[in-house]
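As written, the chain order gives the labels A, B, C and D, with residue 1 at the start of each chain.
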Amino acid sequence: MIQLAENRYGKSRVRLMKVTRHPHGNDLLEWTVQVLLRGDFESAHLGGDNSKILATDTMKNTVYSVARNSSAKSMEEYAMELIDFLLGRNPQVSSAEVRIASTLWKRLTIDGKPHPDSFMRGSGELQTTLVEKSQGGTFKIVSGLEDLVVLKTAKSGFEGYIQESLTTLKETSDRLFGTAIKAEWLYDAEGFDYEAVRSTIRETMLKTFAEHDSKSVQQTLYAMGESALNTVSEISEIKLAMPNKHCLLVDLSRFGQDNPNEIFVPIDEPRGYIEARIVRQA
Amino acid sequence: MIQLAENRYGKSRVRLMKVTRHPHGNDLLEWTVQVLLRGDFESAHLGGDNSKILATDTMKNTVYSVARNSSAKSMEEYAMELIDFLLGRNPQVSSAEVRIASTLWKRLTIDGKPHPDSFMRGSGELQTTLVEKSQGGTFKIVSGLEDLVVLKTAKSGFEGYIQESLTTLKETSDRLFGTAIKAEWLYDAEGFDYEAVRSTIRETMLKTFAEHDSKSVQQTLYAMGESALNTVSEISEIKLAMPNKHCLLVDLSRFGQDNPNEIFVPIDEPRGYIEARIVRQA
Amino acid sequence: MIQLAENRYGKSRVRLMKVTRHPHGNDLLEWTVQVLLRGDFESAHLGGDNSKILATDTMKNTVYSVARNSSAKSMEEYAMELIDFLLGRNPQVSSAEVRIASTLWKRLTIDGKPHPDSFMRGSGELQTTLVEKSQGGTFKIVSGLEDLVVLKTAKSGFEGYIQESLTTLKETSDRLFGTAIKAEWLYDAEGFDYEAVRSTIRETMLKTFAEHDSKSVQQTLYAMGESALNTVSEISEIKLAMPNKHCLLVDLSRFGQDNPNEIFVPIDEPRGYIEARIVRQA
Amino acid sequence: MIQLAENRYGKSRVRLMKVTRHPHGNDLLEWTVQVLLRGDFESAHLGGDNSKILATDTMKNTVYSVARNSSAKSMEEYAMELIDFLLGRNPQVSSAEVRIASTLWKRLTIDGKPHPDSFMRGSGELQTTLVEKSQGGTFKIVSGLEDLVVLKTAKSGFEGYIQESLTTLKETSDRLFGTAIKAEWLYDAEGFDYEAVRSTIRETMLKTFAEHDSKSVQQTLYAMGESALNTVSEISEIKLAMPNKHCLLVDLSRFGQDNPNEIFVPIDEPRGYIEARIVRQA
């Protein structure tokens, strides 16, 4: 017998730009929102009965309407408002999740002063949050960032690994270490200053990345997660994924030239991939 | 106390092109391989001790070396060979997973005949497999496809959904239904003709998509999964994700023109997102 | 003194999907249209006077409105209709150009028969046209294709090139030759069966690519252009650009294995780039 | 008679990362280089004779070898060195062009201080140069930038444009104005401080963008080009392309809400496209 085991649906890539207008200038936010619902949708799947289906187009409208009324100070709080709105109006929905990715915009500096209403797109780094709640439950909040691309040109080596018949990599005590950090941290509870926590975690991880005397991506990744947990008490675990974006030293000896770790070829593929979840134990 | 809870690492985006040379022509395969290992790597994370670390560069070499000797008839079988090779040589590894995505190449037809050694890139559709095994365990094989982009111009409507204060979508009994199918099916066991199964599942789903009198994406998605499970006894469940790639009818009445479902604007965002897991129950 | 030397403006990425409904099934076209206008727009640039500016939003509406009424049998003819419409209503416009890229959709085959109303996205190959006209002038029509990705596994070598102190590439009489063909052909006049010409040029070039005994990308590129000009009398020149999408032979001798041109790494960068314009001389 | 009218070839997407090591820290540059040569290559195209062909792989090696020895203070100077090297060794080459795009890396700030050897990827903005020279000729240097994405939330309107039967856009004195600036400026001569000029042009254009009371993209684009030419005497013309990256005001009145220019949907397509070349006349 064939059965529907699990299902969810919603709207993804709902783009929202919000301008907040103050007397002396404007603030700018750009978010990409995804809403997903689980619930009692078996009749739609098996019978084509849409009577319990909230159209994904309506979810899109809801994103904009709730944003207009929102006084949330963070993505996390807005996501909670949106979820409560959806759960409150849709008893057939058993749980809702909202994922938001925030694009970086930086205020322009003109003649040395911050401009009141003009902005420049920042790097490709995204600030993210994934908030979930079941009917009658509590919020699970996982915030993070991704595509934070960093590179250190000193204090990174890779030595002492397994030597076997398929090993061709040369050991080095001095290599470039480039990565695109993806981090997700789990909040213990709700009601925090999410923006402040985010900023602290980000700075702490960058400081550890820069200062760490790296023996491997694994070791530096762990040190970054450890420093985040040590610095921020509001989170109980952090998951980090750090691809190794390799930069290959060019062999110039073929041309009678030396290459004292100066000329490299950055490559996009293949890439190492390292991930770990680091937790605070009671 | 802070602890390492979980970790895995490996090499991603290892690209492999394999030409098999026959007396009267060649075959061509292009795969992108990812290898991930779990195991006893705590000393690397906490102490910077790499003595149990198989370099990801060595994994890359392993992909090529094993491919040269392989007589696998499918991605699934090659992935199993690769996993057994890695587990056999690395007792510190507790489990290994290999993901392969295969790019479509089609043999060129010249003067009405298949050409022996020239090929054309097919669509962006990927054939995928994800194979996992623990030391001493059995293989878990999940194969699939993604980015199979299809569109039906008839037999699709969307009516009878919830009408509420934020609903602006108009009901229609005749809309375009475009999607990018992602499917993953779980094999019950190993030893099958994976290529034949793949081909049958793909054709079955396409036939259902084309012929289904669709009341919603949900209903068609379920029908596609159901037909796959009904047709192929080797699999016990299938997971389908089908974004709704909307095509908006252009309002030409503003210009005194009718638009009998002929002129549309395809949009990439926002998009509906529908997914479900459909299982065969004993 | 500072002056406006040249300017043009318009709307790009106007996406249009057209379903043509017949008694026994539908046809499907997906185009991305760009409209650019040149003309007397100095007062807008220098004085902020928009009175001669046709809003780009209006151009977008024009694309859809003209498409609804169009009976064009090809992109080229539709582009001409659109240009004549725009030039006729806008005397301040001195010339207009329309670029269209057509996305591949293939009719689904179900149970061995073409399905009347369901389609599958084809490869990333685009069919293109760029049509220009000045007020009172004649049409210049350049059609083409791009991202036609092909690869030959035999009859390709590269030998006898310059050997100098920075040369490390090894000569080979047997390599993989992969490329993404971009072609643009110039029509002598108007009024042709553009779809038939396009199809003939494409097939001719593919046949030459497959059969050519290639000494270099340059030689094969020229042979392809030559065969197109020899086969199709309606065009007077063709411009071809063919990046060399390298596939590197993996050195397995380090692992005690041979590699008789079977295992390759395809790379996206760097890539060779070869282009030429080939003309018919009177 | 069919002829080779024009041709050029070379290597594109040659990626180079250069670390310059100082006693107290490192500098980091990442460039993507393209080399294209024109010359006497007819025998390769028509006869498969490669004796005058410098392999594109050798060009790639040349990029790295010349970079190692280079003392250039800018992309422009390195490009000139590379061209002179290639022209000097290859008399069969009639002219060479080098295009470089530089990726933004910013030094990390840790505890308020610039870190000596760690960096973060900046925005997607690229700094570019295109340098050309014929055998025995002088350098033509066109530098620029692209994908400098900016947005102003005030002082932008669009009114007074043509109203016709296909016009549906509403006039507004207050809209968001977002764009991705592409600029290319032509140097009068060589021997300048290219980095200083680049920085001045960029700042001048950003200041004009931010402060301009914009009646249209055209007017702001012209003002930006004019200010660049007025500020920098070393250039004689500037070409600007500024797509209009639209942000649509969401109609919340359907839900009984106002929207005082606060909630927008940014869209990627369609987009306006505006370009102009602005020159200094003697």
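In this text, a contact is a pair of C-beta atoms (placed from the backbone, for glycine too) under 8 Å apart; a residue touches a chain by one contact, two chains touch by 3 or more.
Model, not experiment: these values are computed from the prediction.
What's the farthest chain from subunit C if centres are computed as the mean of the Cα atoms?
Following the centroid criterion, the farthest chain would be A.
For subunit B versus subunit C, what separation do you get between their C-alpha means, in angstrom?
Chain centroid spacing, subunit B to subunit C, equals 29 Å.
Let me have the rounded angstrom distance from the C-alpha centre of subunit A over to the C-alpha centre of subunit B, please.
24
Please work out the Cα centroid separation of subunit A and subunit C, and write it as a whole number of Å.
Using C-alpha averages as centres, the distance is 38 Å.
If I count partner chains per residue in subunit C, which residues reach a count of at least 2?
Expected reply: 15, 61, 65, 166, 168, 255, 268-269.
Make each chain a node and each touching pair an edge, then name the shape: line, ring, star, complete, other.
Looks like everything touches everything, fully connected.
Using the touch rule from the top, collect the residues of subunit C that touch subunit B in their complex.
15-21, 26, 28, 30, 61, 64-65, 67-69, 104-105, 108, 110-111, 115-124, 148-155, 176, 206-207, 209-211, 247, 250, 252, 255, 257, 259-267
Give every residue of subunit D touching subunit C within the complex, in rising order.
Against subunit C, the touching part of subunit D is residues 1-15, 34, 36, 41, 44-58, 60-62, 65, 89-90, 158-162, 164, 166-169, 214-219, 221-222, 225-226, 229-230, 237, 243-244, 268-281.
Flag every residue of subunit B that touches subunit D in the complex, lowest number first.
Touch residues, subunit B against subunit D: 165-166, 168, 254-255, 268-269.
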